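Working notes, structure below.
By written order: A, B and C. Residues from 1 in each chain.
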């Protein structure tokens, strides 16, 4: 089966800056794919390379097997939901949604019907006559979504789609986007710097750093089996243990990662001193000092909490100490 | 918090505004005076007869018509040049961007007499005879900046994403220009165009050097100022010129109100 | 909620001229920029810079004293002529006028700009904006003409002084050497007043723009720290407004340097640079000397702009 989106040795340079530095990537049809990374890691540039707003310095981007080198954005079978939504301020909501159809020469009545249908799809029926400036952030987001979906793209690109929304709305939209993607079956590619968002929504995640993909895999993969210290640190907030400590704890002489929630208080475990405590509601976060190494532990509700300065004993299940590749 | 202004400041500010406006209002009074030999104040009497006299003066009409034609064509040229340059400068960073800005502003940053005598020397050296087009050449040169300033401000406000969104939705470059860019910059261009028209309509310094025998309305007025022959007609023309230039300025103000464009900052 | 039929996605081909041109420009974004910039670059480069160059070239020619014809050989003779006493007088007189007009404009403009920037809201904001904009854009000649009416011997100003019985004061002022004259309309003071009037809006706008950017909290902080209003003015407001004042002074200074109409209509027989340029190129037919004279304001303005740039005045434009 051909990939929905394929990157082959793609590079994008801006002068001396290598924004994308040799990316190979294959996104399957129907996937909900997340590009995760800190700002400046090259994830947004990759999205823009798929949309056609940027052209690769070298390498090739193909969509459903067709090379996109000479295809401008307006002839690519992809559509984008922009981070700031980019709704046309001079058009009302309906004309915004129908814009692509208008440009394609669709008749006015058909346009209107399709636009209204798309507005219903994103749960904004009857909003067609409003101006974008009269809508809330969440509503604008839905209009932007409808405007892209009405074009029936083969791949939908979302650039930090939930970044501008408040927490509650964000969680709601996460669920809606997931449901929408399942129902429509379109390939979704979305860019985010929020690891929680990437893990909860995507089937597959590519973690970007310094213009490269450092790890790609299922959310479980990147969360439980990070291949490099960067992934372990960026995805979640793992305790990163240096090679000498890993070796002492029974691993090899490599970096290892230990999830805070995997750490338990067990008599007979490794001795550590409590240096800080923060109540988080569902759990409590303990900061510990183990032979000069800082370890964070997340203790579930109901655990007997030690006091500051107290010495405790900690341990974890054998599989929880995740060993990374030696070279990382 | 905005407290109320100190009394002295208020007085100084209002006095300043009056200083700016009373002289212009005075023109309106003089247009109705019965005195036709001197600038006597207070006017000995009031009459509207000078309006009829002015109306029947072919030389005034000729000058007016020439000014309108020069201003129209200069405005069109300035609109094209200024808009294109603004689009390039506002949208991208490229080598020589600053140079373009400087080049556009130079014709009004240097005194008008420099522009005027430069053009005149160039016409002399190149053996170009003075004509309608030599006037237009000069006017378009200093009108570009007005359009440019208005357009650049507006282009900067169009988020780059709007253009990408349009292309993303299937519009090619020309469609994007027509359906997204133009609707969003139209009022700024209209305002810039009106101000360019007003600037050209009123210009006298460069024109004296590039006009040859032809008289635009400001040239006609200048001759009257230097050697007054028909004071009442001049009074009436002055009043009409004030009214005519106020209209595009007010229109431009309404078109750019509530935006970051300062309509006149380019003059 | 309905489902979307995804089978019939609208597709398009690359046919058509506009589509092909658009493709080409997408592939070469630099070409697009070049095409956008080219017309104005060509126009201003050829028409304007070409003319400036022509002017500069003329200033290195000289006039044959017997035939009155221009001799097209490069020489510095014309510049030497510029340094004769009566020509230097013209330069100094003009610079003195430009400087005094600029200082006066800054003083008169400041309260207007400050009030408009800090205290005017809503309707008053619009009144102040248009109140500066309309005089700025209304006809230069009409404005000069209005002052000819005001300053005339039989005009409104003398009438006003007469009405309140202060004519002796006016006469005393006019008898002052240097700035006085037969009447205000043929005095240095008259020229100064008209210049101040016609260029004042050019000073108000940038000063206002600079003051708009001063956060009111900064003034409150100054007051809070114990500064009297006059101290706040001297140590906070004026320094912050300075880039705006310099930006405005570029206009008032440059425009005064090059003007020949105001001193011709309202003024003494002592000429300014603009008049000298005008007369040498016109009646005297000495284009090289006119060109050399025209180079003077260019040089002065270049120095001025360099200084202004260092003071950050361009950000206030």
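Note that in this section contacts are C-beta pairs under 8 Å (C-beta built on N, C-alpha and C of every residue); 3 or more make two chains touch, one makes a residue touch a chain.
Keep in mind the model is a prediction, meaning the values are calculated, not measured.
Chemist: Which of line, ring, star, complete and other names the graph you get from chains that touch?
Modeler: complete
Chemist: Would you kindly say which chain has the C-alpha centre located farthest from the C-alpha centre of chain C?
Modeler: For chain C, the chain whose C-alpha mean is farthest off is A.
Chemist: Between chain A and chain C, what is the gap in Å from one C-alpha centre to the other?
Modeler: Their C-alpha centroids are separated by 55 Å.
Chemist: So what's the Cα centroid distance for chain B and chain C, whole Å?
Modeler: Here the centre of chain C sits 14 Å away from the centre of chain B.
Chemist: Rounded to a whole Å, what is the gap between the Cα centroids of chain A and chain B?
Modeler: 53
Chemist: Going by the touch rule set out above, which residues of chain C reach two or more other chains?
Modeler: 10, 12, 22-23, 26
Chemist: Which residue numbers or ranges of chain B touch two or more of the other chains?
Modeler: 170, 172
Chemist: Chain A: which residues touch two or more other chains?
Modeler: 52, 72-75, 100, 104, 151
Chemist: Please name which positions on chain B make contact with chain A in the complex.
Modeler: For chain B paired with chain A, touching residues are 159, 161-162, 164-172, 175, 179-180, 183-184.
Chemist: Show which residues of chain A lie in contact with chain B when the two form their complex.
Modeler: 51-53, 72-75, 78-80, 82-84, 86-90, 99-100, 102-104, 147-148, 151
Chemist: Considering the complex alone, what residue numbers of chain C touch chain A?
Modeler: Contacts found on chain C: 1-6, 8-12, 14, 22-23, 26-27.
Chemist: For the complex, which residues does chain C have touching chain B?
Modeler: The contact residues of chain C facing chain B are 10, 12, 18-19, 21-23, 25-26, 29-30, 32-33, 35-37, 39-41, 43-45, 47-52, 54-55, 57-58, 108-109, 111-112, 114-116, 118-119, 121, 128-150, 152, 154-156, 159, 197, 200-202, 204-205, 209, 216, 220, 229, 250, 254-255, 257-261, 264-265, 274, 277-278, 281, 287, 290-291, 294, 297-298, 301, 305, 317.
Chemist: Spell out the residues on chain B that touch chain C in their complex, using ranges where they run on.
Modeler: Interface residues on the chain B side: 1-2, 4-6, 9-10, 12-13, 16-17, 19-21, 23-24, 26-27, 30, 38-42, 77, 80-82, 84-85, 87-89, 92, 94, 100, 103-104, 106-107, 109-115, 117-122, 124-125, 137, 140-141, 144, 148, 170, 172-174, 195, 198-199, 202, 204-205, 208-209, 218, 221-222, 225-226, 234, 238, 241-242, 245-246, 249-250, 253, 262-265, 267.
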